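These notes open a run of structures that come right after.
Each of the next two complexes has chain A plus one more chain, namely chain B in the first and chain C in the second.
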Partner chain A sequence: MRTAITIFAVATLASVPLWLRDPYLLNALITTGIFVIGAMSLNLLLGFTGQLSLGHIAFFGIGAYVSALTSLGFDVGLPGDIRLVHAPWPPIAGFALAILIAGLCGYFVGLLSFRVRGAYFVIVTISFAEVVRLVALNWVELTQGPLALTNIPSIALALPGFGELTLRTKMQNYYLVLVVALVAYLLIARLVHSHFGRAMRGLMENETLAVSVGIDVTRTLTIAAVISAAIAGAAGSLYAHYIRIIDPEVFAFINTVTMVIMVISGGKGSLAGPVVGGLIFGLLPVALRPVMAPEAQWIAYGGVLIAILFVLPRGIVPSLAQRFGRRRSGVTTLAPVALAETAAKEPA
Partner chain B sequence: MTARSVAMSVEQVAVRFGGLVAISDMSFTVGEGEIVSLIGPNGAGKTTAFNVMTDFLTPSAGRVTYQGTALAGLKPHQVADLGLIRTFQRTSVFPNDTVYDNLLIGLHRQGRVRLLDAILGLPGARASERRLRQRASELLEWVGLERRAHDAAGSLSYGEQRLVGVALALAAEPSMLLLDEPVSGMNASETHRFVELIRSIRDRGITILLVEHDMPMVMTVSDRIVVLNYGRIIAEGTPDVIRNDPAVIEAYLGHGAARA
Partner chain C sequence: MSEFLQHLINMLVLGGTYALLGIGLTLIFGIMNVVNFTHGVLYTFGAYIMFIVVQQLGLNFFLALPVAVLAGWLLGAAIELTLLRPLRGSDIDTTMLVMIGAWIAMQSGALWIWGGVAKSVTTPFPEAPLVLGPVSVSWLRLFVLAAAALLILVTYLLINKTSLGRAMRATFQDHDTASLMGVNVDMIYTSTFAIGSSLAAAAGALLGPVYVIFPQMGDLAAVKAFAIVILGGLGNITGAVIGGFILALAEELGAGYVSSGYRDAMGFLIIIAVLIFRPTGLFARAERVG
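Presenting the complex of A and B:
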């Protein structure tokens, strides 16, 4: 059943450019796809470890900037009369570096904040995103500040036997995003079903118990943060090479909020949740544009989110999965515990 | 008492919370393969002592060593790596997972494979996964919960959750198991089965420390009993010695709590 749904979904997504000729809609699907990858990475932290990263866009933006700067090259002065000169590299190298450096940032942010966790993690991630945004805004020599980095080259793939293929058309970019999204999805699926995933779930459900059976909190959460940040960085790189212009606005808080909404509405802690939520909230602007002013659209998003969570409180995917028979571990009844505790207090 | 090598040794431990002295100058040892119970009236300091022995609490003075290693300053997972595993009184399960998945989480220490192997699904990782599943089934059988394997742990009865807690602790392959009031909330037949389980655990060479209220159970199962009152050890010895110790009788009767 699940396999059938998965195959059908992938086949449908893969067939889209074959029948959808409207470039505007295809463009919307590509940017949505990029944000879905971001939402999947956020879900790895929020849904599977319970840690809310409210600065998640920082990793996305770092990926975008690293990738753009790698492929554009730069020439900046550092303190002490050192000049750092970098000649342009192919965009695919930028993509790899984006993943690497975003992952590294995830490591440091995770290491710093998982010692305290909870609210502190939220605050550290928000501050991190804000600091990175300010750097991008003010280090004009490197980032062009508000003038934006422009003319970012499109990703080119070196295919054996075909020479180099530069992905310029929307269809090519669509497939690129789809492939990266599938890889990210598989990676996260493998991870959460491995014993690392179980360690994460254990920590989320009952930390004291998880620790007592030998799960290393910092290590487990840091691994999750690194992988999550690396995937977000990959999404950022795709964004930079597709849109081909980035400015510090990419770090805006609203972009993190968008990802959080995608995860929560689709269902955190479910693999398909961010995909479903992402498609809804990514394509909603397209649907609403002819009928509403942009300001009114924001109100509509809020309304849709509330409506979804009112009807399906655990998010679309988990709620539907539960409703349609696939009753798995999710069903919790805590009442017997309370009953047994009262009974225990009575003298035997 | 037969001469055993010492597994855990508690040396002159004192715990103070501000001005309140919870434990003063407590010293005793637990031998390898021994079942030792820690008892005492309410407020005697049992839970505090238990927390010190599992390194959940650092004592104000004195030290606890396990097989020669001092516990103070170790991280919880390092304590687990020593083979020292505890159970919890209240929150003994991962409520949203099935009993079977609970055990797979509990088997974390046995399932360490490299991250990349796990993600790529390499043969090594698959083999390890198969071993874990096998082991989880064995553990379920050991504690007698095979029939509840696919129920959410949070939906089990209190007594059954306790068994899951013990199975989780066993999954971590302890060399010493510390049980925090494991039979409270169990009925007589469940308690009886639990005593059998404790014995079968000890028969596999695992040292056991028990903190418990249930006197008949403690008297049946223990090799040795340590009695605490007002944060001090007032008696120590075999069940027969403890049963007839005037200080113990006074401590319990004096509080009108001689439900034994």
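Presenting the complex of A and C:
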């Protein structure tokens, strides 16, 4: 049953460019797909370790800037009359570096911020993202500041026997995003079902108990933060090479909030949750556009977030899964312990 | 040297309003354990009330401040009753996300109603600043400092000398015990949120005429308020006042001696540094909750 649904969903997504000819809708689907990858990476932290990171867009933006700068080249002066000059590299190298450097940033933020928990962790992550945004805004020599980095090249793939394929059309970019999203999904699924994944969930459900059975808290959380940041960096790189222009607004807090809404509405701690929530909230602005002024759209956005937390606090996918009696599969839903805890916490 | 003195004067003026913002947030955070993301919107709201009363209704500038405080109180109470009271007992992440939703909706509402063009308020103060030897300060800023000091004093007396304040402090220490002692905890929560919100609105009403008024002005104010709360320690009013002045000093020195582009980065850097090196705040007391 589950396999059938998965195959059907992937086949549907893969067939979209074959029958959807509207470039505006295809564009919305591609950017939504990129944000879904970001939401999946956020879900790894929020849904499986219970840490709410509200600075997640930092890793996405760092990935975007690293990838753009790697493929554009730069020439900046550092203190002490040193000049750092970098000649343009192929975009695919930028993609790899984006993953690496975002992951590295995730390591340091993870190391520092897991010393503080709860509300303080949230505030540290927000502060980190804002500091990165201010650096991107003010280090004009490197980032062009508010003037933005423009003419970022599209990703080119070297295919043996075919020469080099530059991904310029929307259809090509759609498949690129789909493939990266599938790889990220499988990676997260594999991770969650491993010994490491059980350690993460053990921590989320009962930290004291997890420590007593020998789970290394800091190590587990740091690894989760690194992988999560690296995937977000990959999404940022895709974004940079697809949109082909990057300015400091990419770090806007509202982008983090969008990812959080995608995860919470779809169902945190559910693998399919961010995908379902992401498709709904990524495409909602498109659906609202003809009927509402942009400001009113955001009012609706805030209202919908509140409504979801009141009506479906666990998210769409876990609620549906429970209704159809698949809660014991333990795959798309929270473990029973977590369920019991959540139920106990909810006011009658 | 005179440049440094000027920075100190600016720090005093800015610090007073920052302290107001910080006190409001630290009360809500400390007593209710709610990370209040609507704090910045209340700041914006207070500034727009100032604009409406002075510019659109043509009423007295000095009347506008109490109106803003009252309006902030009412809006705060309304938010608490509709959004937070039904979620009592749910975890901190849920209320935080609900507050984020309310913040987005209300800020977009402000943009919808008043548009994105910045507004300014005409004040009854003379244009020429007061010159004291090497430094100068505008009359408007002096008024802002005096009004902020007055509001801080009133809040301090309210918390420490009234029975409502005593109930609030009891709830902060242990809400279950306070409840058993006959404190109406629901009422305390609503009052706390309303008082905190009215202080944020007051800060906005005071700083709005100093700068310009626009819908997103509250975002940075909210972050600064978080920095102040973290500096001063949770629920610590004296800490929030000192934290407000420290943040103002850091911003003034950062803008003056590093780069004005990084003025607003100071708050974030303080947050990160304090949480790494002294996570209980600079003036932590043993009974800190949370």
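Definition applied: the second predicted complex is superposed on the first by the 319 of 348 C-alpha atoms of A that agree within 3 Å, B and C clash if a C-alpha of one lies under 4 Å from a C-alpha of the other, contacts with A are read in each partner's own complex, and residues count from 1 in each chain.
To be clear about the criterion, a contact is a pair of C-beta atoms (placed from the backbone, for glycine too) under 8 Å apart; a residue touches a chain by one contact, two chains touch by 3 or more.
Keep in mind that this is a model prediction, so the values were computed, not measured.
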Given the touch rule stated above, what does A:Pro23 touch, chain B (first), chain C (second), both, or neither? neither
Between chain B (first) and chain C (second), which, if any, makes contact with A:Val131: first, second, both or neither? second
Applying the touch criterion given at the start, work out whether A:Gly77 contacts chain B, chain C, both or neither, answering first, second, both or neither. neither
Quick check for you: in the superposed arrangement, does A:Pro146 touch first (chain B), second (chain C), both or neither? neither
May I ask you to decide whether A:Arg198 touches chain B, chain C, both, or neither, giving the answer as first, second, both or neither? first
Just checking: does A:Thr208 make contact with chain B only, chain C only, both, or neither of them? Give me first, second, both or neither. first
Using the superposition on chain A as set up above, list the residues of chain A that contact both chain B and chain C. 347
In the complex, go through chain A and note every residue touching chain B. 187, 190-191, 194-196, 198-199, 201-202, 205-206, 208-217, 223, 328-334, 336-337, 339-341, 343-344, 347-348
Partner chain A, residues of chain C touching it in the complex: 29, 35, 83, 86-94, 96-98, 100-109, 111-112, 219, 223, 226-227, 230, 259, 261-262, 264-265, 267-269, 271-272, 275-276, 279, 290
Quick one: which bits of chain B touch chain A in the complex? Just the residue numbers, please. 54, 75-77, 80-81, 85-86, 88, 91-98, 101, 104-109, 111-113, 115, 118-121, 125, 128-129, 132, 152, 154-159, 161, 165, 168-169, 171-172, 184-185, 188, 259
Complex contact set, residues of chain A against chain C: 52, 112-113, 115-116, 118-120, 122-124, 126-128, 130-131, 134-135, 137-138, 253-254, 257, 260, 264, 293, 295-299, 301-306, 309-310, 313, 345-347
